[in-house]
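Multiple structures are listed underneath, in structure tokens.
Presented sequentially are two complexes of subunit A, the first with subunit B as partner and the second with subunit C.
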Partner chain A sequence: MIDYVAKGRMLIIWVVLVAAIVYLGAVPFLPVSSAFIFYMMFWITMASSFNIIYGFTGYLPFGYVAFYGLGTYVTAVFWSRLGFPIPAAILIAGGAGVLLSLIFAPTLRLRGIYFAIVNFSCAMALRILIANLPEKWAGGSFGITLSAAYKPRFSYYCMFILMIVTIFIVWKLSISRLGIALRCIRDDYEAAEAMGIDVSMCRLKAWMLAALIPSIAGGIEAWHTAIIDPDTSFSMMITTKSIVYAMFGGLGTITGPIVGAVFMYILDDLIWARFPILNLMVLGIFIVALVLFFPRGIVGSITRWKPTLRAVLA
Partner chain B sequence: MALLEARGIDVSYYGDIIVLNDASIFIEEGQVTAIIGPNGAGKSTLLKALYGLLKPKKGEIFYRNENITGARTYELIGKGMAYIPQARSVFPDLTVEENLKLGAWIFKRDRSRVSHALEVVYKRFPVLASKRNDKAGMLSGGQQKMLEIGRGLITEPKVYLLDEPTATLAPIIAREIYSFVADLRDEGMTVVLVDQNIRQAFEMSDYIYVLELGTNKASGSRKDFAGGLKGIIQDWLDYDTV
Partner chain C sequence: MLLEVENLTKKFGGLIAVDDVFLEIRKETITGLIGPNGSGKTTLLNCINGFYVPENGTIRYKDKLIQGMKPHQIANAGIGRTFQVPRIFKRMTIIENLMAPVLDSELPDSSLREKALEYLERVNMAELKDSLGDELSGGQQKLLEYVRLLMFDPDMVLLDEPFSGVHPVLKSMFHNEILRLREMGKTFILVSHDLVSVYTLSEEIIVLDLGKVIARGKPEDIKYDDRVIEAYLGR
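Entry: the complex of A and B
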């Protein structure tokens, strides 16, 4: 017998998916703020990519911003100082992010909070290094402007594509051998190793993937805002929001970070508008409440409450 | 000919703290070799080194006269080694079948090979076949041990390293596991058995190694120990039971 309920569900999912893609693709031609939607896609991308490293491997990189920040700078420097076209500069930024992840790779030997702290320190060190480079290279504390390259529609579509590719990667990962291996490693790395899973290689692959995406996202975002400086490129808020958005939706699922990013991004925006002074405090209270009442995130809580929805949501 | 042999290996977990100090073991093909010794003697560490989970700092390991020192675990599984760790190693949130498939990890995407191997294991362990879609965490302790044993057999190993396979089980279930190990030996499998239950280990095995403080204290066939066993192990038995 055909399972009409499951079929119907799949149909709904596809309709929502296609509608969302069509809508996002049309935004630059609609009377809505495309900057608002641009950042929504940016956060979906950042949270989904964060999910690759934290949700699938259990490593909590408190210095996640380093990849994003490096991406903004590599893009700006290659465009403004070396004359590369913007798209090439963004791709180079992705390569630089992967290179940075390889430099940080020895820290994967650390676990838990030790990894988090060391990774945070690495990000701080990178920020100090970049801020203190000669001004004619990296612009010092004033940063670099890219206004001559400003093409909001192009950068919008770049982010649109990156978001779709990122979600596709996470989905592919979740059903691939690498994804299975990563979850086994996260749950019991000694048992995983005994199965013949190459634990350090799998972790390294996830780490490189989780570095590639925010580096490219940083490059696109630098292009979109057309100005970068050390403070914004290495702001702790980048890491914090990526963590909170991904956790709020539900780690280790595909839809979790998407739902979390959309919901929290809109909430964040409302709070900024309503509480111009106390916004951070209100946001903080919200986050604490959410963590207390939905420890597995929204999607995690829903699939727990209705396991049959797992096939659709996770 | 030795199937598996360690010659004077030093092994440590972190830095300079040596856990195995010049330890050696010689495992004859088709035999059950037992490793006994007090808590913390390094029995588990020796198995991990043989299985490629820890790399010796000194000394060498041979498998069928091939130097496998420093070889990775997945290579050794391919060569015919299997291992069950002392701690529970089933993935409780995965089903029985998913756990078994993990045992066939090195077969990569060779589906027909995996499903054939699964059928062989199911034939051996009907209880696993009947629970193939249950979460492994829902099985009883004995069934989980069966699952671990079956999972190791899926790659059709030549030598099976078992780290205290009955440690946490009720005696009646432990007996079942022992008789199973005896079956494997009768079929020609080489078994390395670490065990706290000295009497059982003696009954099971052809050759015995006594490890203490990370080094070889004594070794011999069952006959060699027949008279002198008490003397050799009395001291660590004493401090083991305090």
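Entry: the complex of A and C
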């Protein structure tokens, strides 16, 4: 009987998953706003990749926007200044993000709020550096336009693929030995070390992975919007929303950041539409209420209430 | 000798927590390490397992210098430990907790999970395999830490206060398990304030006070040693 229930649940998950993939794949041909769905997929990707370093490993990178911002600029510069095709520029952006993660890697020795503050400072330093690069390279405060490369349908499908790959990576990670090691580090890194887990190496792998995805996402988003500048590429709202969406859904779970990003993105959009001036304040009140009543996020709260769902949702 | 510690000194600022300590631990023995609070027992364990880097001295395990090595390297060399307060992975399931020490194993996950389930059945916790660590009681957390140690299967075990806050039935089980594992070839350093347990289980006892070794010997000698009585009760 229990087997049938579990199999039934898995079947439901698969049906929902396939239906969602088919729907998202068909969006550019349907009478719905593909830009709205594009950004929903973007936030699912950002929240899921943020989940790798915070939800799984316990490191809160307040400067997470650095990887996204670098991705936007590397893509734009390699396309507009060096003549690379956009897909190649996006892949190079991913590589640049990983390189940046290695440069920031020594900060992983810090923990808690110290890591968060230093990481935030690194992101701000990068923003200042890019904003002050010669205008002929990085466009200065005006940024760079990519209007000649504008192909929203292509960029939509790139984001679609990135989102699926990201969710797949998070799923594989959650069932892998590396995933167990990361969660051990998150819960108690000294106990993890005492169990023979190479904390430095495992967290570096997570960090590089968590840097790769937003860098590519930044490149795709730059292509989709066709314009970038330092203020939007390094906006703290990128980090904030990644944190809030992932937390709201449930950190350290596979489905949490997806549920959180979908729900909060729709809520955010509704609030923008109804409260164009006070939107941030109203959103803030919602976030405070959600953290108070669902400290483990939606998925975390559900699995705590019904542990048998853990195998399906977490 | 399995473990040799020579002239080990660990300082925290001006405080000398471990002061020129000398230890020799033979294979397949249980060595009690006792002393009043603040005498340096846990600091000594932390030096042995690599959490602290000592300022002076050497630590040899199986004739290999291990001081300066990272804790995970020392663990993989065969030294396992438990903590004063159980340090289980609280947001992970019990099975995942037990997988933690065998992540480098070449055995497939399914075999490791089977082995973990066997151990859980031995301590009547098999039905809790999918529960999270923070859903366990204090006693169950102690048991989980013990089972995790069995999964880890180190040659040498540093036990830090294994009997504190433990029900007498569970304590008796731990006694039997320590003796059973010793028979199987394991070596123990047992830190505990439960002197009856230490006297019962240990072949040799080392007494620390203010970071220094003030006495060492067989339990029957240590029991009546004036320096030990003085360290515990004062003059």
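Here is the rule we go by: the second predicted complex is superposed on the first by the 312 of 314 C-alpha atoms of A that agree within 3 Å, B and C clash if a C-alpha of one lies under 4 Å from a C-alpha of the other, contacts with A are read in each partner's own complex, and residues count from 1 in each chain.
Note that in this section a contact is a pair of C-beta atoms (placed from the backbone, for glycine too) under 8 Å apart; a residue touches a chain by one contact, two chains touch by 3 or more.
Everything numeric here is computed off the predicted structure, so don't read it as measured data.
J.: Would you mind checking whether subunit B and subunit C clash or fit side by side on subunit A after the superposition?
T.: Taken together on subunit A, subunit C would clash with subunit B, as the superposition shows.
J.: Looking at A:Leu204, would you say it contacts subunit B, subunit C, both, or neither? Reply first, second, both or neither.
T.: Neither partner.
J.: Based on the superposed arrangement, let me know which partner A:Ala226 touches: subunit B (first), subunit C (second), both, or neither?
T.: Neither: A:Ala226 stays clear of subunit B and subunit C.
J.: Applying the document's definition of touch, where does A:Arg186 land relative to subunit B and subunit C: first, second, both, or neither?
T.: In the superposition, A:Arg186 contacts subunit C only.
J.: Check the residue A:Pro307 against both partner chains and state whether it touches subunit B (first), subunit C (second), both, or neither.
T.: Touch partner of A:Pro307: subunit C, not subunit B.
J.: More subunit A residues touched by subunit B or by subunit C?
T.: Per-residue touch count on subunit A favours C.
J.: With the two complexes superposed on chain A, say which partner A:Leu133 touches: subunit B (first), subunit C (second), both, or neither.
T.: Once the two structures are laid over each other on A, A:Leu133 reaches no partner at all.
J.: Touch check for A:Gly252: first (subunit B), second (subunit C), both, or neither?
T.: In the superposition, A:Gly252 contacts subunit C only.
J.: Is A:Val98 touching the first partner subunit B, the second partner subunit C, both, or neither of them?
T.: Touch status of A:Val98: no partner.
J.: First (subunit B), second (subunit C), both or neither: which does A:Gly196 touch?
T.: So A:Gly196 meets both subunit B and subunit C here.
J.: Does any part of subunit A touch subunit B in one structure and subunit C in the other, and if so which residues?
T.: 177, 180-181, 184, 187-188, 190-198
J.: Which positions of subunit C touch subunit A when the two form their complex?
T.: 49-51, 70-72, 75-76, 80-81, 83, 87-93, 96, 99-101, 103-104, 109, 130-133, 148, 152
J.: Name, in rising order, each residue of subunit A that touches subunit B in their complex.
T.: 177, 180-181, 184, 187-188, 190-198
J.: Spell out the part of subunit B that touches subunit A in their complex, as residue ranges.
T.: Going through subunit B, the ones touching subunit A are 51, 53, 72-74, 77-78, 83-85, 87, 89-91, 93, 102-103, 105-106, 108-109.
J.: Using the touch rule from the top, collect the residues of subunit A that touch subunit C in their complex.
T.: Residues 177, 180-181, 183-184, 186-188, 190-200, 252, 307, 310-311 of subunit A touch subunit C in their complex.
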